[in-house]
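Following this line, the structures themselves.
Both complexes below contain subunit A, partnered by subunit B and then by subunit C.
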Partner chain A sequence: MNVKVEKIISTIMQGVKSFGLPRIIIGLFLLLLFIAAPFVGVNIGTSLSDTFNRFGMNAVMVLAMVPMIHSGCGLNFGLPLGIIAGLLGGTLSMQFNFTGPASFMMAIVFATPFAVILGWGYGQLLNKVKGGEMMIATYVGFSSVAFMCIMWLLLPYSNPTMVWGYAGKGLRTTISTEGYYLHVLNDFLSIQVTDHLVIPTGMFLFFGLLALMVWAFLHTKTGTAMTAVGSNRTFARASGIHVDNIRTLSVVMSTWLGALGILVYQQSFGFIQLYMGPFYMALPAVSAILIGGASVNKATIMNVIVGTFLFQGILTMTPSVMNSMINTDMSEVIRIIVSNGMILYALTRKTEATR
Partner chain B sequence: MTLQRTNLQKVKRFLGNNTVTILFLVICAFGIPLSGYSANYLVSEVVVRIARNSFLIVSLLIPILAGMGLNFGMTLGAMAGQIGLVFISDWGIVGIPGIVLAMIISTPISVALGIWCGKILNMAKGREMVTSYIIGFFMNGIYQLVVLYGMGAIIPIRSNSLVLPRGYGIRNTVNLIGIRKSLDNLLMIRLFGIPIPLFTLVVIALLCIFILWFKKTKLGQDMRAVGQDMEVARAAGIKVEHTRIVSIVISTVFAGYGMIIYLQNIGTLNTYNSHMQIGMFSVAALLVGGATVSQAKIRNVFLGVILFHIMFIVSPMAGKNLIGQAQLGEYFRVFVSYGVITVSLVLYEIRKKHDRGIAGQILAQEQGVEA
Partner chain C sequence: MVLSPFIAIGLLEYSSLVASFRLFATTLAVTVTFMVMDVRVTIKFERIEYMNEKKTPLLEMKHISKDFFGNQVLTDVNFTLRPGEILGLVGENGAGKSTLMKILFGMDEIHQTGGFGGEVLINGESVLFETPIDALAAGIGMVHQEFSLLPDFTATENILLNREPLKYTALSELFGERLNVLDREKMTEISEKAIKRLAVTLDPEMMVSQMPVGHKQFTEIARELSKEATDITEGIKLLVLDEPTAVLSEQEADSLLKAMRLLAESGIAIIFITHRLQEIIDVCDTIMVMRDGKIIKTVPAEGVVIPEIARWMVGREVKTVSHKRAVQDTAEREVLLKLQNLWVDMPGEVVRNVDLDVYKGEIIGIGGMAGQGKLGIPNGAMGLFPAGGKIFFEGKEIPLNSPRNFLDAGMAFVSEDRRGVGLLLDESLEWNVSFTAMQVQDKYLKKYLGGLFKWRDQKAIEETTEKYVKQMEIRCTSTKQKAKELSGGNQQKVCLAKAFAVEPKLLFVSEPTRGIDIGAKSLVLQALRKYNEELGTTIVMVSSELEELRSICDRIAIVSDGKVLGILPASTESAEFGLLMVGQHSELVDGGSL
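Coming up: the complex of A and B.
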């Protein structure tokens, strides 16, 4: 009898260990918030709907972490670079007056070459600094955002919905996507479950499609090579894999996914945020995938889904529930502590520290 | 047979080692005439900024000595300094006693944060910089929790001018009128019409002397050894982890003092913003001065402050005169600040790899001679 109990306890402990303690704490916290919600007068339907919506908005950007983690380039703190490619795509599509769903398609088409070129250059740079990728990625992101601030002022955009009214030039800090690609994915096949609960099927499908592509890619020959490069560079080189090329490919993929990610985000959010907008966008995406159970050199699609749901769930639920409970909005502080705490936790794991 | 460097290689090496500094000299050389500022104005501005920023930047030197790279965790010290300033503003203690008291209050907070930060960095050896960077963000959350929700609610704050109208939490800006420039004005002399805050400069000089002396002490030598090679240092009986923690603690405490000196010059405390940028600006200035991730000297600090801040002063005006938009100059200096750090980090990583290659060549040659 006693042995049985011990066995059960040890299995539970093993389960906890494999699932990760921080994930369980965050998961329980989220569950608690959902349980507490009706008692403080927060509508569960609206909350769930918001959570789904934000999941769809952010999931692609979190997915953009996967290829680089797989090839051993670490966490992609350089996500803003991909976002910039997306911003260029989005603004160009609006500049050429594409409207409706076509503008979204064209935004992707325009963003792709930028993502490929920027990603290629970024990949070449990261190949030169193996071992110090993360710090340099952070600053590549920052300096490219700052550089684009100058470009947004100077580039010859002329669509009156985008440029400053009085000067007639220089893009605005926020541009509405209304009339262009606002909610094109959100409204695609969306399901109205109750008055408050809407499932944005289009966004889920789009994410699903990309996730499937990444998953399938990781199971091709090149994808397997990528994983090999990530787990042991020397071994990969010895078995005839061209390490630098594979790493560059992974960076290009990450950058491209980042570009698509920001477009999905914008079509749901309703605004294109330029200038310093993309500055800190890497951190939420990085912590989301880490909450999902990824580590600095290992990540799966499942990590992306679980992590984005948990992270965005907490972001949605804390303000509403906390506000009704103690009349203070502490959500921003909680967001900062949870997301950065999660990154710290991942960076200090002993097993990966000796990479 | 040894590897001799030709003259050309020496020049190349010099240019390679000082890329960022040379780049900045060029920017300043173009920017100063474009901005149209008078020499007098520029010099007095630069003197003010040397007095304001040097102390903060010097606080970065010790962790570099210990091989922990650029301590982005200096924001922790800045937060401690700010908490000290909030308390003395509340208690209404003005002038030099106020500054000294703020420093005294900040010290235990800095020490505690420094120990914590050092322990975490010991768990993340090999990626101290990115970790210390995230620690800064993480502590910003805790700082907000304490200052925005704790102060006035749990921690007693009496002054109504400090607390938000809702009854707890510190206002976004705190006026430091009581201690404004009190350190600078203690001994202000004029040289060719340029005001020079002599006392602040003396304090900075004392800190520099302390750093120079510290490098020669047993602890300083231990740190150098740890910075060179952790395993060798451990074999020599140095407590590696302990030494690393001490270096971070010293850096954090000095960063706290530096922040107080910085803010007494500015005169207002942006409670939730002041500390966030200071790490980035200090690191950028140090790198502009020719320091690298693994090596920094006192002279890098001052060269860096001068060049970085000339760029900072002239770029909005230069942007306006060149293209007609001051905003452009603003963005340009943000871009340059981040760009400098990026370029320095990249060059450092490349050189590290390159040097390893040379060491390998030398080793191969020596073995070739033996065989």
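Coming up: the complex of A and C.
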């Protein structure tokens, strides 16, 4: 009898271990917030709607971590570089006056060459600093943001909805996507469940499509080589793999996904944020995938989905529930404390060994 | 006043000078003692005396059983150990030796996986160690194969780490005991005493990082010996040595065995784990053979011969492979691989100028001392280290420094560095076996859209891996198991399977039997032979074990100082090879340059 109980307990413990205790605790906390929400007057429909929205907005940028993790380049702290490619694509599409869904398509088309070129250069740099990728990547992100601060002013954009009103040149810090690609994915096939609960189907589908592509890629010959390079570089080399090329490819993929990620984010958010906007975008994405159970050299699509949902869920729910509980408007303060707290937590988990 | 620190330093140096002189004198004395009397006789005498004593055994393990989630690794293990007895524990990799030792030590691993069945008795009392610290307190010491020493500390400091005798100072009066200083003199005294018990030459003031491996091993043992009885712990009574001789040279191993005898004489029981069977016969009182988690045999060491132990270990007759193939006339045979003026910049194994012809269908051995460059040859040819010169395969020149070209030409390489180069430790066996063949030859792929998409064919990968698991007798829970969870011998088999999956025309194998047990060894050699005979694969085998090369190869090239000294038929007497290694050219030698 006793032995049986012990066995059952050990099976449960195994299960918990494989899903990860941190995820269970965060998940339970999120559930608790949802249960508490109606009691403090927060509408559950709105909350869910917000959570879904934020999940869709951020998931692609979290997905952008996966290729680089697989090839052993570590976490993509250089995500701002991809975001810049996306910003260039978005602003160019608006400059050439594409509107509606076409503007979103064209934004992707314009962003792609930038992502490939920037990603290639970024990859070359990372190949020179094997072992110290993450630190270098952080500064690649930061310095590229600073460089673009100059460029946003100098580039000859002329669309009146985008430039400073008084000078007639130089891009504004925030540009509305209204009339261009605002909510093109959000509204695509969206389902109105109740008055407050809307499911942004299009955004989910778009993420699903990209996730499927990444998943499928990792099952191809080149994808297999990428995982092997991340697992043991020398082994891959001894199997005739050109390690540097594979790593560069992964960086290009990550950069491109980052570009797409910011476009998805903007179409839902409603604004393009230039200048210092991309500066801190990498940390929430890095944290989300770490919370999802990925490690520095192992990540799955499931890590992306679970991580983004938990991270963004907590980020949406905590301020609104806490706010209603203490009856003062502290939402921004709480949001900052929670998001940075989660980032801090996630980064301490960084060295958590393989799955 | 100003001078006082200098005087202090001067005194310090003087005292260490005295210490080292004292050590020198001790060593001299001990050596002389050894030379004068025949130690063996005394030991034999002692041994008999212990045998006759009918007192409670020091250690008794009763009906020990252990499973890891339903996977039975130990079944009803019983044995006893008397004070002063040396028990040789042998068995293949994965036979359960280390699990048994982990149980004895109360390692966390055991408790976390549901404990064990049976009882451990020490001096007749049942004990249950919660942690290794409890085991240490009860007077059980363990010396691991991997050194756990601080490289930048001296032998003395390592021996007494965290147990240093302390001196009370004025500062500790003010700030408490944490400001006590180390009592260096007493430390040296204690460590010297411990080293003396081992009767070896070991400078207690020598930095560990500067020691030869043998001395590191002695330092570890001395650390265990220095643990004397205090109010909370007991002095050392039982010492477990886990493959202490694996990294030692023959001479060093000899002096370690002597030291073990001395310890046993003083009443300390020793459990000795090793793969070198001759050592077991030489030094042990009792031999215990384990296989598949059971004790197969417990016999007195006297009169046992190696083949007998080997048979017990693997449960079948181990063929000491001795095939002498008809040596064909090399002049008529086709040259498959030609190395011309090859140089390789591999740290520690520099190849300077190698010319070598490999004939189609043969097994050629490359032997020689460590560090002379024999490992550099395959590593350089493969392109893993910078190399120059020329390589011709089937008459075509193969560009150097490019593993891809090497593989594309139809060659493969099994590296001596299993964990670093040979395996994806974090991935499944399936990946390990199939990866190279998949990447180089597009095997195990499903192609869509005219080859634009190359999709991993999971089924084909599984089938191949299962085939090799069966063929090579790889012991694993499933083909999905991660490579790092396998034992050394099985990992080596996976490395070979990876190379076989490529179906090479020429296979380089580097140190294929290093660090694996006798059963796995013969399987690996048989597999190589089989591939050579059945598929006509030409094999270039690099090994430090001359006898192994002689048992499987047709010809053997001896490498020294980065050059081929000469090539001899494998049937040549060992002595000839010995002569060649030290630079004596005999008339039998074919090719090579001196």
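As a working rule, the second predicted complex is superposed on the first by the 326 of 355 C-alpha atoms of A that agree within 3 Å, B and C clash if a C-alpha of one lies under 4 Å from a C-alpha of the other, contacts with A are read in each partner's own complex, and residues count from 1 in each chain.
Everything that follows uses one rule, which is that a contact is a pair of C-beta atoms (placed from the backbone, for glycine too) under 8 Å apart; a residue touches a chain by one contact, two chains touch by 3 or more.
Model, not experiment: these values are computed from the prediction.
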Which of subunit B and subunit C A:Pro22 touches, first, second, both or neither: neither
Partner chain(s) touched by A:Ile241 [first = subunit B, second = subunit C, both, neither]: second
Touched partner set for A:Gly121, first subunit B, second subunit C, both or neither: neither
Which superposed partner A:Gly341 touches (first subunit B, second subunit C, both, neither): first
Contacts of A:Pro319 with subunit B and subunit C, given as first, second, both or neither: neither
Of subunit C and subunit B, partner touching more subunit A residues: B
Touched partner set for A:Gly131, first subunit B, second subunit C, both or neither: first
Touching partner for A:Gly45 - first (subunit B), second (subunit C), both, neither: neither
Touching partner for A:Glu6 - first (subunit B), second (subunit C), both, neither: second
On subunit A, the residue positions that both subunit B and subunit C contact, one per complex: 354
Contact set on subunit C toward subunit A in their complex: 69, 114, 382, 384, 403-404, 406-408, 413, 415, 420-427, 431, 435-436, 438-440, 442, 445, 453-456
Residues of subunit A touching subunit C in the complex: 6, 10, 219-225, 227-228, 231-232, 234-235, 237-242, 297-298, 354
In the complex with subunit A, residue positions of subunit B that touch it: 120, 123-127, 129-131, 133-135, 137-138, 140-142, 144-145, 148-149, 323, 325, 327-328, 331-332, 334-335, 337-339, 341-342, 345-346, 348-350, 353
Contacting residues of subunit A [partner subunit B, same complex]: 77, 125, 128-132, 134-136, 138-140, 142-143, 146-147, 149-150, 153-154, 283, 328, 330, 332-334, 336-337, 340-341, 343-344, 347-348, 350, 353-355
